[in-house]
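Once you scroll down, you'll see the structures, which are given as structure tokens.
Presented sequentially are two complexes of chain A, the first with chain B as partner and the second with chain C.
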Partner chain A sequence: MDLAVVVLLQVIAAVASLVLISIGLAVIFGMMRVINLAHGEFIMLGAYAVIYATRWGVNLWVAMLVVAPIVVGLIGVVVERTVIRFLYGRMIDTMLATWGLSLLLIGAATMIFGNVTAGVSAPLGGVTIGEYQTSLYELVIVAIVTAVVLALMAVLRFTQAGLIARATMQNPAMAASLGIDTSKVYAVTFGAGAALSGLAGALISPLSGVVPTMGVAYVAKAFITVISGGAAIITGTLSASTLLGSLNTLATFVATPVIGEVTLLFAAIVLLRILPQGITGKFFRRAL
Partner chain B sequence: MLEAKALRSGYGRIPILMGIDLAVRQGEFIGVFGHNGMGKTTLMRTLAGHLRATGGSVTFGGEDITTALPHRRARLGLGFVPQGREIFGGLSVRENLRMGAIGLNDAEQRIDRVLEDFPRLKPILDRAGGVLSGGEQQILAVARCLCAEPKLVLLDEPTEGIQPSIVDEIGETLLRLRTSRGLTVILVEQSLEFIRKLSDRVLVIQKGTFIREVAAEGVAALADEFVGIDAA
Partner chain C sequence: MTRRASMAASLVGFGVSVAAIFLLPSVLELFTLINATIYVSMAILALSLALIWGYGGILCFGQAAFFGLGGYTYAVAAINFGDSTWAVVLAMVVPALFAALLGYFMFWGRIGDVYLGVITLTMTLIFFKLFNATAGDAYKIGKAALGGFNGIPSTPPLNLPWDVGSPLAPEDIWYIAASLLVLLYFGSRWLLRTSFGRVVVSIRENERRSELLGYDVRRYKLGIFTIGGAMAGISGILFANCVFVSPTMFSLFYSAQVIIWVTVGGIGTLLGPIIGAIALQMIVAKLGTLEVIDPNVVLGSILLLFVLLVPKGLLPLMQSGFDRLRRPKAPVPVEPAIRPTATPAARRPEPVSAPVGSAPATNTLGGS
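== the complex of A and B ==
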């Protein structure tokens, strides 16, 4: 029984972590059709933002939940204004440009921060369930991810900014003819996606080593999740994360972490073979 | 109010508009009539800012808008109801109307006022734009445009692919709004019947220029000339 609870918590934590590393990419890809290959580096910058903020005496939680998203969000806006906005509608060019940006950021980070592993220690310790122990911090991440997803849905569904974002995503030319400065919408959306990636990096930083190349480890999984999710940003990311995260954790539990990763990738391949438009290409089509 | 001088435009290196001269006065309802491929929609898209003018100039309310972006033109009071209606399919009817009034104060009152003029939309406010019939979408597109209370409306082929009863309804509503709201409209149409009922004067476009201007009464004569295009 205790084991079942622990495994369930592991599954939930794995799902939450997939949502976390994918949601920023989902916003940028889903709303703007921009394939941001520098997504992993936005995560990396979020992690470094936490390292430096805490070194300068900022409270860890403030650094993770406030400083990192703002810093990376601003970087995102700058990137959109200087690079991405010239490339809308040119998917291959955007991929090349963001790939270049990814290499540039890794190089710059290595130069500035050094090619050493930095880290902050995980806060909060563990909780005991029967004879098992699990990390309390992972459960806090689950709570934060839940809050972020609910907030994102609320913003998209109920606010004027969300309405503008959804309309612009569906038909930018018509939105422009109703007085919407779509170029501004894109800058803000890209910034928001980057901020979410920064938040992801920040929350990951206590769990993994922070190095300039850390983004590479996340970008593939994030892409697989977003593509498997399909067109609906939030529902797609949630459903794909749930499916892939559960399979990954369960396979890890019965076999090894390597088999877990293989299962995740295999499941994604099968899924995309059956549903080329992703999960929300077929189900929940009207969802956000 | 709106003035185009020797306006040229096209797609890529293919010229479509060969020098359009047009002056619209406040409160006027102007029809633009022409065959397919003569540049009607190109004219509308150029005036709305979606196509770059390759020559000539456009002024609106005294301001030169030849190079202005679409959203800038919209904010100056230039409303656009495009061909194909371009409803936001994933947004509800109410949200589509909200987009029409976006950024304006008293948006809700504006929407209520528009709904009084388009009662057909009232029972379907929460339905998604994408599931409406073509006629309902066309009504919504016009209503959405009017939410911003534009000074001038560019109306591109509102009767295209719409069932006749709704065409009549749209025509009657526009006629009513002309007087009640003092609408100024440029209407592009292939249906002479529809254009005749609404317009003060009709400009005939051919190969990217206006070849003729006729007063509303003269439109019947046009019909004889363009037999076969619009038997109605």
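== the complex of A and C ==
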């Protein structure tokens, strides 16, 4: 019984972490049809923002939940204004350009921060369930991810800004002719996506070592999750993360972590073969 | 260029490359020659993607999968047989078969564009993870231990066919690699001039139209994809002979680099990616020894600048500059001789009609 609870918690934590690392990419892909391959480096920058902010005496939670998203969000806006806006509608070119940007950021981070592993110690202790122990911090991440998803949903559905964003997403030409400054919408959206990636990096920083190349480990997984999810930002990411995350954890539990990872990747391939438009290309089509 | 001029140019190019193949070993030191061999093996990898992506319109993010598979097949087979002859054959057949299998899976599922990119990328990641986890005695294929993260450091060198007693020296491997590059380059040009090649290019230009004309699009895509896989396998064999095989051959790094070379060199050309591969590797190696600036910064900036400012790549840029110099009074063609579109809809808007004075059709298909 206790074991079942622990495994279930692990599944939930795995799903939440997939949602966390993919949601920034999903916002940018869903709204703008831009695949941002510098996503991993946004995560890396978020993690470094936490490291430096805490070194300067900022409270860890403030650094994670406020400083990192703002810093990376601003970087995102700069990237959108200097690179991405010239490439709208050219999906392959944006992928290549953001790939270049990703290399550039890795190189720059290596030069500035040095090629050493930095880290902050994980806050909070563990909780005991029967004879097993699990990390409390992972449960906090689950809570934060839930809050972020709900907030994103509320913004998109109930606010003026969300309405404008959805309109621009559905029909940019029509939105523009109704007087909406679509280029501003795109800049803000890209910034918001980047901020979410920054938040992901910040929350990951206590769990993994922070190095300039850390983003590479996440970008492929995020990319795969978002594409498997399909066009709907939130439903797509949630459903793909649930499917892939549970498979990963269960396979890890039965076999080894490597087999778990491979199962995740293999499931994504099969999924895309059956549903070439991703999960939300077929199911939940009208969802957000 | 007219047909005759293009013929003359390729003859001159052939002469120069043959001269370079035979002159370099006497000019370069052994270490530099081995490095040059690595560059050439990478150029073959770039050529394979140039065919698949530049002419087939299939953006494969996982060219490294075939590259690594070729290297590993060669190493494992050569250790087991003790003779490299059949190992070489296998190392081309296995990646080609795998490419055919993967291609069947994707093209018969009508998967295109980004989705295809994701699948090929994912495949590469699977290989990377699996081969990294093969440390220990449990993972052996015959006599060859896969060695996990460390790979197979004792990758045997090529020997003369069916003559185990005469392993080849690094100079010999240079001759083989360089001649193979020239051979594969002209082979690819020939391939693109055959009716098969022309159909492949027509599919890149307009898949729906080719299909309505009665061609089975899936088969042609599968064909070019398989050929590209075999070529990447050859590149893997040569790389294994210069360095040794390890899971990094499957890494994102190689898949990324080869895409950068093709983009910078000029997509939709054959010579451009070769030049791109060799030039960029030389630049990165040079920067690595200088230690002033991180090579990633330079590589990233180059890719970024090319996508933003020179989306057609280096070679088409140079060609249009050359044409401009030769015919200063003629109206300058808006489009260069080669149409560098991958998938027209995804890359950039195509001009509806070809501008007056653009190159004859043979050039569009024949490569450069």
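Here is the rule we go by: the second predicted complex is superposed on the first by the 288 of 288 C-alpha atoms of A that agree within 3 Å, B and C clash if a C-alpha of one lies under 4 Å from a C-alpha of the other, contacts with A are read in each partner's own complex, and residues count from 1 in each chain.
Everything that follows uses one rule, which is that contacts are C-beta pairs under 8 Å (C-beta built on N, C-alpha and C of every residue); 3 or more make two chains touch, one makes a residue touch a chain.
Predicted, not measured: the structure shown is a model, and the values here were computed from it.
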First (chain B), second (chain C), both or neither touched by A:21: neither
Touching partner for A:200 - first (chain B), second (chain C), both, neither: neither
Touching partner for A:99 - first (chain B), second (chain C), both, neither: second
Touching partner for A:53 - first (chain B), second (chain C), both, neither: neither
Chain B versus chain C as contact partner of A:179, first or second or both or neither: first
Contacts of A:63 with chain B and chain C, given as first, second, both or neither: neither
First, second, both or neither for A:84, with chain B first and chain C second: neither
Partner, of chain C and chain B, that touches more residues belonging to chain A: C
Contact residues common to both interfaces of chain A (with chain B and with chain C): none
Chain B contact footprint on chain A (complex, rising order): 160, 163-164, 166-167, 170-171, 173-182, 286
Parts of chain A lying in touch with chain C, wherever the complex brings them together: 35, 83, 86-87, 90-93, 95-97, 99-108, 110-111, 216, 220, 223-224, 227, 256, 258, 261-262, 265-266, 268-269, 272-273, 276
Chain B - residues contacting chain A, complex: 48-50, 69-71, 73-75, 80, 82, 86, 88-91, 95, 98-100, 102-103, 128, 144, 148
For the chain C and chain A complex, residues of the former touching the latter: 59, 105-106, 109-115, 117-119, 121-123, 125-126, 129-130, 132-133, 252, 256, 259-260, 263, 293-308, 311, 342-343, 346-348
